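The chains carry the letters A, B and C, assigned in the order they are written, with residues numbered from 1 in each.
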Amino acid sequence: MRFFEKYASLIPVLLIYAILFAIGISFPGMWQPVAFIMFYITLGQAFNIFLGLTGYVDFGYVAFLALGAYGMAIAVDNLGGANLGYGIILIGLLLAILMASILSVAVGAVALRLRGAYFAIATIGVNEGFRYFVEGARLWGGSEGIIISGDMRNIFGRETANFISTFVSDILVFIIAILAAIVTILIMNRRMGYALMAVREDEDAAKVMGINVTKYKVMAFITSASFAGLIGASAWTLKMTYVFPSDVFLITYTVEAIVIVMLGGAGTLMGPIVGGLIYGILKYYLSITLPGFQLLVLAPLLIVIVVAFPDGVVGALRRRLTGNVKKYLR
Amino acid sequence: MPFFEQLAGNLVYGAILGSVYGLSTMGLSLIFGVLRIVNVGHGPFIMLGAFTAFWMFTLFGIAPVVSISVALVLGLALGFVIFFAVIRRLINAPELSTLLATFAIGIFLEEIAKFMWGPDHRGYSWDIGDIDIGITLIPYSKILAFISSIIIAYLLYMWFQKTKLGAAIRAVVEDSGGAAACGINVGRIYALSFAIGIGLTVASGVLVTLFVPVGINPYMGHEYTLKAFVIAVLGGLASPWGAFYAGFIFGLIENGSYTLLGLIPGVEPFSLTRFVAFSLLLVILLIKPTGLLGGENK
Amino acid sequence: MELLRLENVTKRFGGLVAVNKVSFTVEKGEAIGIVGPNGSGKTTLYNLINGVYFPDEGRIYFEGQDITELPTHARAPLGMARTFQIPRPFGGATTRENVAVGAMFGHAKASVDEALEIADEYLKLVGIYDKGDVEAARLTPLEKKLMEVARALAMKPKLLLLDEVMAGMNPSDIDQLIELLKRVKEEEDISIVSMVEHLMHAITKFAERVIVMHQGEKLLEGPTMEVLNHPKVVEIYLGKKVV
């Protein structure tokens, strides 16, 4: 009973994923928009593990996606001749996690000792600092980036390579979304979830209660960064088959992640999914009606959310719910 | 020794540029000192100042030193608008709210600029001759920027020290609760300080254009946001004067390291210099987050 | 048996000496009152014991272990708990979750399920069990204080530091709370240090020993009634200058 109560909130999440998947494969032409929306849901979920659960904002979050994208590109680029088949994608994903988490440990170990505002300041340059490093030191192809479309054709053949970039990469995003939801609820139900709640509400009091706040913040940061790495590897490198520093270090993705989490409700399980759905659909149509000016709409939207609806859709909804229904919506 | 001449020349240039860096960071520190708000969207306000200088010069032929006052007035007005529309509602909100709001405001300004003026890099040239200081030639325009920065910083300092309003702001920086108890209208001080902070930042953007010949574009602010944070943290986040001095130090470090990095074969010194700025930020935060030059002691 | 010992502890803020060469010990199972007017260094003293600040001079021992420079979060698991002068609930969480956090990370080191049970137990004890599902931010000031007491007790501490917990309560609430604290102290063998600015009446009912702080220094220490009737103490509270 207790077990069911703790994990009941996963049911609606998985249901939404299943419905989206069903729509995507059943109706012609729907796979692409579904995958588009799923990217944003997954991005939101990954970021929520840090922003939502700790109450800290990382303005350089996109750097983790970028490193994940490079991880996959480096794996494919360097091990292309090793005849590993699909194994190379697995290696790429592992490398993506590794690289994103190494950067998160490096940044987190310094910055997460600091309080909110100082942490935010420390992160504001991470993505641009890293981009300048990649370009300046001519690392990983410098500003020319890494192109893996040729490698992919050599390894898998033209048809399979095409299948990977148009379908497998999207399926991976679905899997990451499911994993992220499970990890989120696991954290929330454990000591770590309670510790992070305390950090979010009152960090000094949390310390006095015996909570090693830096440890739990770093744990959340690494988890969130690892998921970002996976997203970068799947949704960018495998899908686009190239990595350019000017594309992958773009601050826009950080803004999108923030908007999705805040719109849906920071620190809730369902929030990033609702946020991702609303945002994904909105952007899909905006990119048709207002190409290149999404941020012009996004920025004021974020201001309005922060000023008028800081709890987001799910946060506000949860306040109105009582007892039995509430356990399904977290 | 051509290398040392080059280094010396770059250091002189660094000090001149540093004065503008210092001025461009004072607004950030003032806003943090008074309102305890980190303006994460700092850079885009510099971009607005740069565009002000650009349009004033290209449309009306007005010299940048004159445009400073126009930018200041624009910035003050914009500061008041933003304060009353957004910031005022977030004074008692969690820190996350103001971080996100100022971040969004910055992006909004960039997008408006892009919408109105397009994404292209623009520039203008205000050539009024050079002075030869032996090791290098320095344009008079940059010397004027140097002098203007110092004058503005000095005037602000005097205003803080000699006027009642300046004293009220200093009181709020010390202890906003105590200031309120002494009959200071803290809400009004918040509004005024925010507006002055934004005004200074926009005004400094005018001077920035004298150092970036073709770098005026909607996204130019990012670079200055990063630099301003390095400088602000270096000077003690809550102290405008600390920030002004730290600006000089940063200008020297930046241009010195640019010269040194140029000696390493196979690297691109311009990009790496920016990486140095970022690394410096992390190092300072690690050693002493409240600033190397004193300032806030909490 | 000695539980806590402070040796010549000094803390300065800039030029101001907030706590000056203070030494005292707390025995196991003892109830101590720390009395002193506002600004006498009481809260700084708590923050030093708690690890919020580290002293500039002197040492602090807990059960014989030197904890002078131990980080804050490492002290609660040793058996230290405190309440705050102005209550600091984790506002967005429920009252039960607040208390459970204490049980999880304090000396009790409970698992999540155990902690939620312990939380219910202590919410019943302090009499706010019916508020278990309420957001802690929505509690009344009195309920917030009781929640903090429950949260501190759920940590199963050896030493409980109470900061002005009775201030602003009406006399019958104070009596109830004192009865409760006395009972818990006997049952669970907790040492309690209670800090008060006024409320001499309350402290006489509760403390076995009293320490008087004045301008950052320990002015007097001894049996409760003896100390409170001491001429120096009378002078302080009548506002006369102490020579």
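Simple rule for what comes next: contacts are C-beta pairs under 8 Å (C-beta built on N, C-alpha and C of every residue); 3 or more make two chains touch, one makes a residue touch a chain.
All figures in this text were calculated on a predicted structure; none of them were measured in a lab.
For chain C, the chain with the farthest CA centroid is B. Here the chain at the heart of the structure, going by C-alpha means, is A.
Put simply, the C-alpha centre of chain A and that of chain C have 43 angstrom between them. Centre-to-centre spacing of chain A and chain B amounts to 32 Å, using the average Cα coordinate of each chain. The distance from the centre of chain B to the centre of chain C, each centre being the mean of the chain's C-alpha atoms, comes to 47 Å. Partner chain A is touched in their complex by these residues of chain C: 50-52, 71-77, 82, 84, 88-93, 97, 100-102, 104-107, 111-113, 115, 151, 155. Contacts from chain B toward chain A in the complex involve residues 32, 38, 40, 86, 89-90, 93-97, 99-101, 103-105, 107-108, 110-112, 114-115, 222-223, 225-226, 229-230, 232-233, 237, 266-275, 277-279, 281-282, 285-286, 289. Interface residues of chain A, counted against chain C in their complex, comprise 2, 189-191, 194-195, 197-198, 200-202, 204-213. By the touch criterion stated above, chain A contacts chain B in their complex at residues 55-57, 59, 107, 110-111, 113-114, 116-118, 120-122, 124-126, 128-130, 132-133, 135-138, 142, 251, 255, 258, 262, 266, 293, 295-296, 298-300, 302-303, 306-307, 310.
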